[in-house]
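Letters are used for the chains, namely A, B and C, taken in the order the chains are written, and counting of residues starts over at 1 for each.
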């Protein structure tokens, strides 16, 4: 089965080096098989944990009256993403793409099982470990959407969108690069998914935000922007820390192998660069908000960290530490400038996911050419544009299809009441009664 | 020392297969020893983290006035479980059971240490890594109890119960299967403990709930059920995510080995099935509550995820993904129907632990026969019944012994005030003063 | 490059044993290289997660009006620690110390990369994995400071202190022992840093608390102590659990190797002892507060767990389980007695970091001699005193330099308003409006 490994320029380099490596008994293939699978499992559980991170981040950044709804959406989308990726997504992304535009429509099947008579360790890793790791990635893409469209989208139509996104949109564009489709043939390089995961979520979020429209009261008649602070900055901070932690799995295990010393070095470098890009994003957002607004802005700092992480995701291996810090710092600056820009455009992005995941996703994908000689700017732009066009168009179609059938926006009355009372009939913090009435 | 590995039917199959495996140099025994130990350590820290998950889940589902008390209980029970399992539990469960009913009364001793002159790597793994992994399991069983009996149990009597549960009740019944006692001889199959861990906690919780009685005001004189919403659905959601994450360790490391490719495949499949059963539980609870009540219920969804996880725990390896989803989905449905049933019986289970851990624990143990040819329905029923009877009877004795000596229920006045003021003299959220007065 | 491994007495013992080990083919050097690096990466991400733990603990223990500020400080210090350790710290600590007082001033450079033509696996592990692991330790030291000085320190001067601490103070004293400097030559033994990490943070915190002075209203004119309860005991509890989890990485991966069965045994024992010391601290704090005050105190229990963890950190390998419990229990008792003592001295330590990290750090370092024959009491005292003197003096200089230039204390008005409004212009929980006015 064709895997991401075939499609990144760097991997080819590494594999080249491996043949050049001084002759010594290579790691036993069964040991390598175990270690490769273990990397997927560890990386996978770390990325699964990011689902909790998004949930906490988003629950912290919406108003009290929508907090429980936010939790339902995040739990539900993670569950649906797994089921859809099993039913359709994985094979659509990876099975027989062969330079083309998509794989086949079929249930995923591990092929081998622990009850098999023999495991062919030349395969490199357990196929179930790989599936697990790929599945948590598609969930990440869906998590990105939920934050942007929060506080005014109907729950079940949102889940409808998640089904299409995780079963079809994400896997088809994923097939182009990681599934060894046409973009991988052209040399598009996106190591762990600045474009393939993050900007995909970002485009879906952007189209959703535009089609849904802004929350009532967010923008005044003369274009005034009314800040709507989130309910809990500690939850948002916790969410950010969870995401930072999970990103070591997201980027680190995207090396896809731990069966050689070179892989161990690569994963280690990726950990370091991932961390330092986030650090660069934090410090930039900290200093810029102090300079621009005289006040430090915690939500900008949290998004600055995430911006650094998204920015390094397309190429966490080839940058030096200094370059990683700078790539992340640019990401942090992007967030500080794009958040108000979106407000000027009256695009209401509740949690700032569009600057973080879409704009920094693009930046990170372009930045690959700064440090990876195997990447070309034109090809990177092609990939960004092709994926952007595909996801925007298909998302727009799905959003409109939902809008004109079941409807996607809650009633004005329900929006005022909040999703928790309207769709759930419960409150997130029932003993702190002010929450649902104040704002 | 006899371990779980001897007692699961599947293991025998796997070991059978390993002899059949095509001749190639097996993994070096020292490398296998390291990898096996590493699996226990990773699995162990993930399951340890579940203690935090239970704490957050339960703190979120009690009223503000009992939140700090809930935290004390969860921290305290985790500490006590470790100490008791060292002092009595481990050897009572694993040392010299030999087809019988219990092991020996003695302190656990690792036997080998890093200062030993030589490590016998044929042993398979470090005995301390195994102890650590087994210890976090007993803590899990205790965590289950604390949620059900919350808001009206006295703190120190509760700890008294924990001591007996973790030092004696859990280890003795654990010896029957995992300690190679009489149930393992009969072929009872419970891979990671749907019965041995979860329903044990569930039976202890059920007897406690009955003997304690319901919280004041929970049930009206004519059988009306008054909902008592929890203080923080975000904490409850966080707790659920922590438990989901921890479950990869709980089930995955219950494979007990990572020293061969077959083990790597098995652990990977377990990860996938564990995840998908939870997903099945979520989607079922989501749809059922919408259909039945017109409103989606977040606490049901959280418990639906946990129900799926408990249901797959007795056999996370042999099901296909589709079967895993279904097994979890049945678990999710059980929760939706059993929660109101308990209320009809006026059994006050504050967090829903009885449906999740006891009823789904039974379901999961029965479901083993659907996918594992090595299991027989009669033997499964025997195991469930024997363990259920033993734990119910011993728990009842302990609860009553505590009740008629030190007392187990707080005074009516203290119950009204809440545990935080009564037993701790502090508030969980002192600046949100409504909490302790409103309900 | 010289590493911690050279400097702990126990390591020498272990290495001695390895030569004594019965002749069998040792683990292949490349496999050992991978496993050693993997230990650093797993340990590293667990310790990184401790940054979130400190953030939640501290955010939960300050008043609502300072919660968001606390989050900014914790996110910011983690980012800065990484950058400074890259720019100055690592090489100052590890490069060419050679029995002396410090290394060299230079950027850290991994030396090898995945693009290198060959990895010399005799080196033992990827240098980037080691750097990552060392970096998260310096962040831990900085995290300790932020809690003590909370609620009255200006944000940017605090970051200034963090820069000096993580770039210079911590690395220089670290060089003495772990960098193979003069203290390691003398035989000072501090396995994972009771002194080198925890008491370093503690001394920096103590000097800061004294120079800053207490929060307004904390101490009355006649020495009355006014309790100022924290905003969220659930967040504090969550933070403690995160720290407990992270500590398995902190102590476990300080074994610095997983490439042999003896290392696997050692890491496993460390996990067990670490856990049991924390359990000892919890039970002691639970019982002591009940006995002394008739009420159980949750914050004491949380600090009791951390006290146990700090106490075992200097030597988590040689104690038996029983000894580990006792070492942790003494730590728990220290916290219960030193917290009120500090209040008598009118040293205002907002979260209790001085008893936990400084006093228990000293206790743990002394306790090494109880179980490790290679350690001498005089040398341990020398190390504690030398590091204590160095860190206290340099910290005092830095605090005063900041005080008399930019100032370190917020204005009385801003202290009353709280950092969130004064420095951030935002509230952590804007819909729970009481918070910022009540206390």
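Rule of thumb we're sticking to: contacts are C-beta pairs under 8 Å (C-beta built on N, C-alpha and C of every residue); 3 or more make two chains touch, one makes a residue touch a chain.
This is a predicted model, so every value here is computed, not measured.
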Chains shared as neighbours by subunit B and subunit C? A
For the copies subunit A and subunit C, give the interface type as same if over half of its residue numbers appear on both sides, and as different if under half do. different
Subunit A to subunit C: how many Å between their CA centres? 32
Where in subunit A do residues touch two or more of the other chains? 28, 31, 38, 42, 232, 238, 432
Mind pulling up the subunit B residues that touch subunit C in the complex? 28, 30-31, 33-34, 37-38, 40-42, 44-45, 48-49, 51-52, 55-56, 59-60, 67-68, 71-72, 74-76, 78-80, 82-83, 86, 107-108, 110, 112-119, 121, 125-129, 131-132, 135, 155-156, 232, 235, 238, 423-433
Residues of subunit B touching subunit A in their complex? 13-14, 17, 20-22, 24-28, 31, 35, 38, 42, 46, 63-64, 229-234, 237-238, 240-242, 244-245, 248, 252, 258-269, 271-272, 275-276, 278-280, 282-283, 286, 290, 293, 295-299, 301-302, 305, 317-318, 321-322, 325, 432, 434-435, 438-439
